[in-house]
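Multiple structures follow.
One chain, subunit A, appears in both complexes that follow, with subunit B as partner in the first and subunit C in the second.
Take a look at the complex of A and B:
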């Protein structure tokens, strides 16, 4: 067994056993970390593997959350059916955006701005979409919180933690399989040099579309989780560009295109954000905005001094080839 | 709804749009030369607006006078930012540049929030409530002056790029990075100069804009998006395109506010952006890449 595998097994065991010794606050932080790790992994499929920079991933989280949420809110149909609606809708949206962009040869900065435009367009649209509550938001009924009701996806925080752990582990396994498969090599070839990839006979349009479809489907699942974990949805909160930025900070800080980067980045950023909050509270420096200023400074330092993210140099130091 | 009202709203949209255009011109010039999208553009705009508010409150200086010192300060700031932070990122991938400027933007918005709090601030000068009447057309004095200032600043920038040696050298860098280096141009200095000039556009647009709207820290990200929309519609890197895009967006916002709902106005802009990206990705006045 290689060191990397051993490390992974240890980490998985640690995370699975975490609820045994973590309090409810630590558990909610861990759930949040896993949420960002999973969503970041989904984004990483599109950007890290296939090289398509999306700055509008909040679109898929939001549409996924609203789709499953609205079906539950209006018809009382639970998330297991809503999940498929959410995935279908998000994949369809992703395919439309991808088709339009890739057919017309839009890439790089222009593609990024197109994804922002679609997310913002949808945000304002949902502000005027009264069926889901418009700007006033949509609130899902919270029935009971004590017993595990997996069919209705209602239960104690522990259930949400294990769901997110399962999703993150699944996404990690899927991505590590894909990265070593034909699809992964095609995507990386497109990322590194699209023209050369095409010259070798890779249908870059088709493979970019596959990346978008997979990424949007995975992100839709995050949205469904979000809807049933937080139970209230506001367009301003779901689709705002700062949500998209939040999603992609983790993988970029952790290491774009690496398997472990999104997980490490999510953990670092969430703990950093919490740590800054506590530090400032301890110092008594509680002005609005001061926390984000610190956060911004740390981001600035990381991007300046670790251009490839935290994970690649860390992996080298630990002697892992992951 | 009378035709007069529609005409007046349209004209107000054109005038506001010229100020938008100047802001976007800064973004466009920076992208056209340095090839970096300034994700902190709107945040810089709000800093300029707060500078005008503070100088007005403290010294009773008119925002049109304040344009000169704020513009000079922004030039120095922009130059330093490019020389210190962005130049090392020129050869890095786009997402890395994006992160750098997002971090800068986060710091700027929240620093403003720390210093000024979330409440809206404005300036009040006596000509803000006055207007010129030409037949049935009412021209707000403040809006008209703001638009004139934007046009003068834009014209000065055009002249700089057209007629001065430094302007020509910057255009050379934009046309051919390698070629510019080969003939011995100091590309890094010229890049910093460009970022400084783009920042001056923002400074002047910010000082003018403070006469038209109230400023809050949250306006920064909204202006960043607005500037993106304008430059993509007009053509990223095209200078006349930025002004044209500004006017188009200004008018479409004004009319959408009149006919539909003020809150839906930016949906129109983003719709226009999506259409332009799909039908003419290089923008209305942009050159094919």
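Take a look at the complex of A and C:
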């Protein structure tokens, strides 16, 4: 345990100091890694801890992004207020999905299908939702600023990097606390065998709803970040199923249900896929869709050789208990 | 302590249990035996809240518990094991028991302390750090019992926990249950095929056949009951 703490402190220090010696491109890649690490951690609460497979997490990113974005776009109200609207909306949506599924005993792949269905019809709904621009998208006013305007969440790339670092660290701390608490035990019991969990006095409906609520709330924050970082939102891009897959690849490759898996997975995937894109660009070759092919190959290799993800065997090698 | 009144349950027209009534006084060890398909597990699942009875009532200390959810039945003070064991395979043996102990413990460290004591009692303490998936079947059965005990039940339902155990392991389990019964006043209802265990453990036995209770009494009375002999061995005929 001591070694694990030391490792975490070192990693945190390294990441905090990164901007001092990283260029702007490296900083944007690092921000992207942290974005996927954080969002993957949010998804992991539902699947990794409580065993509920969501293949529609782009729903919460999208709704979170559009909620905070639209409030800013139409009323000029900044993301700190919009954040709460986003969280509220996403939790409400999660509760609806969770209630429909858990109340009527929909589980496993059928639950996953339900989450895809919700993300898909929300995508189609937003295509016809003119208030937020429909298929043409919504563009937030971009103001290039060199100073940190924290209140409006406008500033240099450095500010976005540190925000994401803070969120990722916070999510890690929260999940690590929860995993050792009553909630963590109950969620894992439900994941491993729901019937046995119920026989031991666990109200599985209630605890699954808690997991969905927490996961959707955390993912809503990703959405708000996305809106103010990229400044343009299209339904096709926000809610598409490939977005949901992108979110879950990190934790799957890193290790579902582990605390460090989502972070490691996000780093491995983003670094390798950007590396390949860079390499091909340097060689002057162009392959559209190479990123997707690459994701497929990495997933295949991990599933074949490391069925529990990269982190568990790596943690053993390092002498840590995952 | 437990009162079962005129309990019936059908599955698609098949009457699994018909009009079963019995009660278990506090401190008793009560056996429920019968051939395969006699309705033992169905009765069990109705008590444990997995099935809702078609008719009849179940009372625990005078409070009606039929129709409650399994987690509410557990909270009311009934612990159960599963005939087909259901360990939390990915968790350690200790963590399996902690999940149960959290039912009545305020926090995880209190639950951990209680779990250590229970694992000690069942002889699983040396294996507490292993993943539950690595246990042998007899150990998994012990884990089922440990987990159920961790919820600190007043009534423990045991569904064939001795099945698959060697005689010596079986005798050790019998001793554990006797101690719990004597020292902690735990009331036990057990379904069992292993007659060695039932005869050694149960003070009273009910015999189920085709969903009906055909005999009740002490082990000695029951094994001499002609109706019981008939259902197990077939009708006596003149040759």
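In this section, the second predicted complex is superposed on the first by the 313 of 322 C-alpha atoms of A that agree within 3 Å, B and C clash if a C-alpha of one lies under 4 Å from a C-alpha of the other, contacts with A are read in each partner's own complex, and residues count from 1 in each chain.
We take it that contacts are C-beta pairs under 8 Å (C-beta built on N, C-alpha and C of every residue); 3 or more make two chains touch, one makes a residue touch a chain.
No experiment lies behind these values; they were computed from the predicted model shown.
In the superposition on chain A, contact is made by A:180 with subunit C only, not with subunit B.
Contacts of A:317 after superposition: neither subunit B nor subunit C is touched. In the superposition on chain A, A:200 makes contact with subunit C only, while subunit B stays out of contact range. By the document's definition of touching, of the two partners only subunit C reaches A:189; subunit B does not.
Using the contact criterion defined above for the overlaid structures, shared-chain residue A:141 touches neither subunit B nor subunit C, since it reaches no partner.
If you check the complex, the residues on subunit A that touch subunit C are 180-182, 185-186, 188-189, 191-193, 195-204, 257. The part of subunit A that touches subunit B in the complex is made up of residues 47, 53, 55, 100-101, 104-106, 108-110, 112-114, 116-118, 120-121, 124-125, 127-128, 135, 241-242, 245, 248-249, 252, 256, 287-293, 295-297, 299-300, 303-304, 307. Interface residues of subunit B facing subunit A in the complex, by the touch rule stated above, are 31, 37, 85, 88, 92, 94-96, 98-100, 102-107, 109-114, 117-118, 217, 221, 225, 228-229, 232, 236, 261, 263-264, 266-267, 270-271, 273-274, 277-278, 281. Subunit C meets subunit A in the complex at residues 48, 50, 69-71, 74-75, 79-80, 82, 86-91, 95, 98-100, 102-103, 107-108, 147-148, 150-151.
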